[in-house]
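For reference, chains read A, B and C in written order, and residue numbers begin at 1 within each chain.
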Amino acid sequence: MATYVLIHGAWHTGELMEDTADPIRAAGHEVHCPTLAGNRPGDPKDTGLEEAIVSVTDYLDQNSLSDIVLMGHSYGGMVITGVADRMPDRVRRLVYWNAFVPHDGECLNDMVPEHYVGLFDQISGELGDGSVVLPFPIWREAFINDANGDLAQAAYDKLNPHPYKTFTEKISLKAFPEIPCGKSYLNCQQDTALPHSYPWHPRLSDKLGLYRLVEMPGSHESCFTNPKLLGEKIMEAGRD
Amino acid sequence: MATYVLIHGAWHTGELMEDTADPIRAAGHEVHCPTLAGNRPGDPKDTGLEEAIVSVTDYLDQNSLSDIVLMGHSYGGMVITGVADRMPDRVRRLVYWNAFVPHDGECLNDMVPEHYVGLFDQISGELGDGSVVLPFPIWREAFINDANGDLAQAAYDKLNPHPYKTFTEKISLKAFPEIPCGKSYLNCQQDTALPHSYPWHPRLSDKLGLYRLVEMPGSHESCFTNPKLLGEKIMEAGRD
Amino acid sequence: MATYVLIHGAWHTGELMEDTADPIRAAGHEVHCPTLAGNRPGDPKDTGLEEAIVSVTDYLDQNSLSDIVLMGHSYGGMVITGVADRMPDRVRRLVYWNAFVPHDGECLNDMVPEHYVGLFDQISGELGDGSVVLPFPIWREAFINDANGDLAQAAYDKLNPHPYKTFTEKISLKAFPEIPCGKSYLNCQQDTALPHSYPWHPRLSDKLGLYRLVEMPGSHESCFTNPKLLGEKIMEAGRD
């Protein structure tokens, strides 16, 4: 049995990964769903990417976790890349679920369409506390396209304002992707959080070098719309 | 409960959408499947795109339909775009099922590979009455690839010669895609009526701006090969 | 009922297609799974593409097979193309299952990413007997990504060193693709034996001209991971 650590995406918390953790635990694995610095209740919204990465390395230290399958969703791909680069001996396999794959010196905003950067800049400027939020119409149409209207709204109400600095702070990597752990990319096939003309896969997955592809039907928010299948596919991506 | 208006594609009639309408009606919705001007028995084959669009706006007027989910298949995308641009207050959501998405001044032939335009020109020239037909081998291999041979032939026998002017007449749009209704794109994943190297999605879907993607397995002619699933997916695309 | 001839890919044998043949036989068809020259026990490993092609034309002659559905997997696409070009009157339909589609004067290595050619050159140089093998990590991650670890290893243990000259010898074709038989392309959707940024479909399938697309979930090695569905999809691709 393995130890899975599931790292949520922007605007989410670890708690929102618990439905996905359930089928993985039911298969006998240990699953952790920590919440990143910047997304915990009361966290300052000027948190940066480095602090988010350190919040996971601290979590692994405090819980003495090693030989882990480390999964990151979306923005969480930035974080798990940083964690694996700093603690390559702790990670058995990295699983990117429709997640950003940075190379040294890149930030999340370097990998999204320009109109998203413009929108994020504008919203963050209006909010003024360092955070950025996602307008509901974009969430409903492009992020959680496979939900009905009620679920789309209920899930939206669980999101928290995200620290925008984690999108703009460039990552510093020593060796990645040249680290010995296995690497998998889990692609939800109707994920249009990034447009299919500028897609997650294979545009970002290719940056991993040799990796294992796993796919499933579903949107960017399958943790809400199909957590059981998502958990099963994370295990397919995470196994040896 | 909503009101769905399903607009067929080239060579089809509204009657050929009835199997798809069944599961939508079974879910409690009202469904209309009008036949476009140019495809009704006895219609002159020099009908143009404008006349086809007006045949739908007339239908909405005569039946006092508003707040509709307006679905267009293939060529039907040209028509629903024109209808929504003229009557934006009647349309709650547009659903493009492997359908053409024109911008102002474009015609259908502007969005297909050159070898199709050449073929259509040649066939229409030979027929001489303004119509164009689809050769059976192209229908069987590229349009209804998921049918067995018997269904492929039976469906082909139900088609009618299509008024070619609807492919060459450029559309005139006032505001589209800047109209307030929701927009969805339903993509059948094995649809090779347009080649996957010059595809429906995301090449044409992207022209909608913000839209909802829904996908299903199946060919361009899922109204014959899998109408039940197609109806369900139209509802996923059409709901709020 | 039809006669199917299934041609295996590189490193495989006809025996490894037998699980796939089972559902086709169960549907009432006759199925042959010959092993190509160069992959039979004891074959010299300096066998070239021409010899592999002739081993199939000889097989068709010796077994008086005609009106066949001729399926080729991966490297087998090179072989069935050569067979159909030499014996167009024997072939009712060609089915390419994630297979190479050569035009006159091309070799397999012309259609793979440069880093694969470099790797094959290096491995073949080290082996020195004319053969090439696939490193296990590439097999496990990119070829049989949908297997668990045990099946990945068990299947790997059944492979045989492949005659590298069949990848570098250019094919000579008289008429292909201008031959009258039907053509289908069966694409396993998670097949990353070729990267999705330089894919099997539509990059290679387009070279067929008019063809029928059939798709299924699964990896390049669905003959091990899902032979029943694979056999069903080969029948969908192979029927009239």
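Methods note: a residue touches a chain if its C-beta (ideal position, glycine included) is under 8 Å from a C-beta of that chain, and two chains touch if they have at least 3 such contacts.
Here the structure is a predicted model, which is why all the values come from computation and not from measurement.
> Looking at where subunit B touches subunit C, is over half of the residue numbers used by both copies, so same, or under half, so different?
Looking at both copies, the contact residues mostly diverge.
> Compute the rotation angle for the C-alpha superposition of subunit A onto subunit B, expressed as a multiple of 5 degrees.
The two chains, subunit A and subunit B, differ by a rotation of 120 degrees.
> Quick one: subunit B and subunit C, Cα centre-to-centre, how many Å?
Distance between chain centres: 38 Å.
> Return the residues of subunit B touching two or more other chains; collapse runs of consecutive numbers into ranges.
In subunit B, no residue touches two or more other chains.
> What residues on subunit B touch subunit A, complex-wise?
It comes out as residues 182, 201-203, 205-206, 210-215, 236, 239-240.
> Quick check: in the complex, which residue numbers of subunit A touch subunit B?
Result: residues 137-138, 140-142, 145-146, 148-149, 189-190, 192, 195-197, 217 of subunit A touch subunit B.
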